[in-house]
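In this document, chain identifiers A, B and C correspond to the written order of the chains, with residue numbering beginning at 1 in each.
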Amino acid sequence: MDWGAIIENGLRAAFGLEAAYFALAAIGLNVHFGYTGLLNFGQAGFLAIGAYGMGISVTHFGTSLWVGILVSILAAVVFALLLGLPTLRLRADYLAIVTIASAEIVRLVFRSARFQPVTGGSAGLQNFAGEFYRINPYSPGRYRLEAIYNGALGPFDVVRGLLALALLWIVVDRLAPGRLPGSRRSPQAAAGEGREVIGVREMVLLVIAALILVAGLTPVSFTQNRMWILTVGWGLVVITSLLVFLLMRSPWGRVLKSIREDEDAARSLGKNVVSYKMQSLIFGGVIGSLGGLVFVIGNQSIQPDNFGTPITFFAYAALILGGTARVFGPIVGSMIFWALLSVAENGLQQARGAGYISNDLLTATQVGQLRFMLVGAGLMALMIFRPQGIFGNRREIDLSVRR
Amino acid sequence: MVAPGCLHSVGPHPVPTTPGPATQERTLRQRTAAHVILLLLATTFFAGTAGTASAQEDRSEGIRGTLTNEVDDEDVPVAGVEIAVVDADGAAIGDVTSGEDGSFSLDLPGPGEYTATLDVETLPEGIGLRDEDRASLTFSLTPGQNRPLNFFFGEDTRQRASTTDRVLQLTVEGIKLGLIIAITSVGLSLIYGTTGLTNFAHGELVTFGGLVAWYLNFQVGIPLVWAGLLAIAIGGGASGLLDRGLWRPLRKRGTGLIAMLVVSIGLSLLLRYLFLYQFGGRTRPFAEFGRQRQVDFLGLGLVGITPKDMVSIGLSVVVLVVVALLVTRTRMGKAMRAVADNPDLAASSGIDVQRVILLVWVVGGALAAFGGILVGLGEEVSWQMGFQLLLLMFAGITLGGLGTAFGALVGGFVIGLFINLSTLVVPTELKNVGALLVLAVVLLVRPQGILGRAERVG
Amino acid sequence: MSVADRPRHASAVAALADIAREPGVAKPDPILVVDGVHRRFGGLTAVDVDHLEVQRGSITALIGPNGAGKTTFFNLLTGFDRPDSGSWTYNGERMGGTAAHKVARAGMVRTFQLTKSLARLSVLENMKLGATGQRGESFARALLPPLWRGQERGIEARAIELLARFKLDTKRDDFAGTLSGGQRKLLEMARALMVEPELVMLDEPMAGVNPALTQSLLGHVKGLREEGMTVVFVEHDMDVVYDISDWVVVMAEGRIIAEGPPAAIGANQEVIDAYLGAHHDAPLTFEEEEAQLADAFGAEAADADREERTT
């Protein structure tokens, strides 16, 4: 078995298009579910609307890509309003059912033969991303992650550096709570979460930060086009995370969290709960639609069936793996999620190739199926044994009234 | 990348997804239970299934087929029809037009996933696809595979039948679907009512019932009636085991409802792909009652219905009446409703809440299995037949009022009827969209559902 | 504590001294006036209040047997439920149909029977949430901390001050979920004060609070009146009602059946009947009923009842 290839592919997956796409989808879900307690099971709908808003504008109405992106964002806002109006006054489970149904409606409409002239039907849309790649600053060639760009640091290095620094900041803040500038006395700190010794969680974070920094030393490389969309995709991940970070430290974020804990209490204190839920739904939905945009521009193709219900479930898995209501939860969760999937798949394929697993036991197609089973089993195990994910705090999870 | 979550047609037209034994996937193979990662003793029912792993000839990949339309029991070629093929990324690969003998073939660049779309506009006058949803077929090619593709034609009924006839026909289809949704969602609703769990894995109980019945019927050779009864018993048992082995311990740990909901999503994924892993992606018919001609219902020339559909509707009604009587008349039924109403109060009045919940799971699982068999009878069984029903079940119980047994019955029935009747105005492929939209509108007007009660704050 | 130490108590008592002791009686300076409020659940009438006035600056107790409709009445008044018919004015403004958050902003703030502490927010964050008119609660401004940081500091200072008064200052950085039941009640009351209300509606503020904390809670409720606020509270413990209320309103089966100063209420025959009536269809044993009666009206009423039944 070629362990080198398995690890290399794992790393590639951790920084790849899917990971960035899922990170954005999960950041949106984090705003909904992690901070506001909204059970949005229709994130796939937001992803699809992000993709199709732009795709239809460009291929059918002949607008420029940039106008198309604006259309996507506006469409996501409208979708959030349509979803929210009937459901945000109701119990959480209704929102779950209506959102999952709405996402399916969106997919069925987009893939319908009736609207094929506009949506491309089940074949989807292509040829819309030209403008994006025309302004690609990377010249043709393959790029390692350190991406020497005109002899200087490339844009991806900036993104990578920021990610790694933020992770290190978190580790230091955990080890010495309250010491860093801008850090506050947190409830976690008061609950005795500050550590003298490095714990498992800090180790994981350090390893990830190190991997992000030294990824350039590995043979993982991407083409110039892939490099360009990855730079933009991860750049968006950093920007949206920064927004989430700022917002959740503000009084606005405090209202969202209070709604998650008990919306009647928030209401009794004069907060317009429905309005805040709507803002949360819109904000997280728009982040999701950006994810959809990144994904389809990266693939240069829009496929309706890429936006099925399981996508939402996978994004939840990634979010919970990283830790809900944590700024870095969805990012790290998504990177690990895709790295694990890749390692599992490659490992199994290699084991098959090397004859450790006979073909009767596991065919090539079944490896893919096994992967989904692993996600399912993993999601169950995570929820049962480590609901706080990597970043979260078990004691905090246990405090939750509704849990 | 990721397989689609489908809400395809659960409608009335039985059309095989992938035709012909030559393409039989090599999914049902001799294996021991040991390598199956997890659970459900019953999955071993699929183990030991004999499958023919036919040796592949060494030739280049492609598709082929012959388009024919059955007229008076005779196959008439359909010529001049265009079929376009795209790859998994949607990039056009090529197209082909059927010849005078209706045949077509197209070489494809290599193994992988493709979608072939038949251009409905190029069909001759009066001929339509038997199932509009199947103008596009997605399939995967293994190395060296030359795969036959079948498109099934029929009369272009949409233009022929009068509106009255269609309304009646669709009403019958709607009743059939509505009854299936009602039967399968009783368990979902009662489980929600008694434990608060929104069980996203309920569709898998439906699939499980259908697959077990298929296995017993098709592979073991037991007549469908007995295979069905056995499958219902096994389905109820497996469902009860799930409660004892998974949900009850979780409730004991004090796991929250949202956490349990996420667990059920994980379970749903796990089971669904376990089914796919064991059973393969094909849809499969039962050994009996495969193709039946429609008979003239009531002898008025109005509604055509197959005998098996009549039996299926009759059985559904009987089962629903029995369930209704059980819930309203028996001690256990009353206990169920008491627990659904207020578990703490029920416990303090001496009801064994855990036992009632177990019973709800067993009954719900058995009903789901029964529903799965009905779906298999009306169409065929497949690995995600239950998941395709799940959203309709949710729509039904939300419409009826979450957590009530009768709400599930009424809501499910309404949804089934509505879906079929809506095809009078919306394209068949969008029929579920209408149902889900109605759900949203009902929630706006009457948030607690048709039969639900409003709740008090504080 | 003498009357002189609590001037507002004295004035409230004085204002209510000469009022007729009958349901729906007019008060000299009402902050809340309720007219013809009905609420039905299915076929059951939960609330059916013809007229009620609440005197400004007083502590009014709302009592009644279980299922009398007290909490539903609270829900209606605070916008958490909609009446089938009826209207009410608060400070002269019509309030029927007003959304709960607007009711709170108007200065009418409630607490809940089952305490609603925001478990995964710190005690301090719980408090800061209560402040109204926060600039940083708008999405756009939230992104620019300089726009709201100054106000936030002011809010924090006020929150810390209140926490100190409620003896919760040592817990300010703890998750609210880690507090004891009594501490949560305190926190909820303190948090309600952050809204700067005029009328505080407390739904069973003493329920589930250990005796050690009861006195401190009672002191705080009295303190609210001395600061010029009006308090309406639901309570089952008659000792508490006697101790702190200036006026008592009795509800049974959705109606208001009696009003009066606390001393007059215990002797009111209609009130005693109401408590008994409510028990007649409940599966209580004789001993339980006796205990409840003793709880509510002291041993005398129970004795009287026993005699009545044995004859």
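Following the convention adopted for this analysis, contacts are C-beta pairs under 8 Å (C-beta built on N, C-alpha and C of every residue); 3 or more make two chains touch, one makes a residue touch a chain.
Computed from a predicted model, the values in this text were never measured in an experiment.
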| item | value |
| --- | --- |
| Distance-to-centre winner among chains (Cα means, whole assembly as reference) | A |
| Farthest chain relative to subunit C (centres taken as mean CA coordinates) | B |
| Centre-to-centre distance between subunit B and subunit A (centres being mean Cα positions), rounded to whole Å | 31 |
| Separation of subunit B from subunit C, taking each centre as the mean of its C-alpha atoms, in whole Å | 54 |
| Distance from subunit C to subunit A - Cα centre to Cα centre, in angstrom | 46 |
| Junction residues of subunit C - those touching two or more other chains | 80, 112 |
| Multi-partner residues of subunit B (at least 2 other chains) | 457-458 |
| Multi-chain contact residues (two or more partners), subunit A | 264, 400 |
| Residues of subunit A defined as touching subunit C within the complex | 185-187, 189-191, 243, 246-247, 249-255, 257-258, 260-262, 264-273, 279, 283, 325, 395-396, 399-401 |
| Interface residues, subunit B side, partner subunit A - complex | 1-7, 26-27, 29-31, 35, 37-38, 84, 86, 88-92, 115, 117, 120, 132, 135-136, 138, 140, 192, 198, 250, 254-259, 261-263, 265-274, 276-277, 391, 394-395, 398, 402, 427, 429-430, 432-433, 436-437, 439-441, 443-444, 447, 457-458 |
| Residues on subunit A engaged by subunit B in the complex (per definition of touch) | 18, 39, 44, 85-87, 89-90, 92-94, 96-98, 100-102, 104-105, 107-109, 112-114, 120-126, 264, 299-303, 305-311, 313-314, 316-317, 320, 360-361, 363, 365-366, 369-370, 372-373, 375-384, 387, 400, 402-403 |
| Touching residues on subunit C, where the partner in the complex is subunit A | 78-80, 99-102, 104-105, 109-112, 116-122, 125-126, 128-130, 132, 134-139, 141-143, 145, 148, 152, 173-175, 177-178, 191-192, 194-195 |
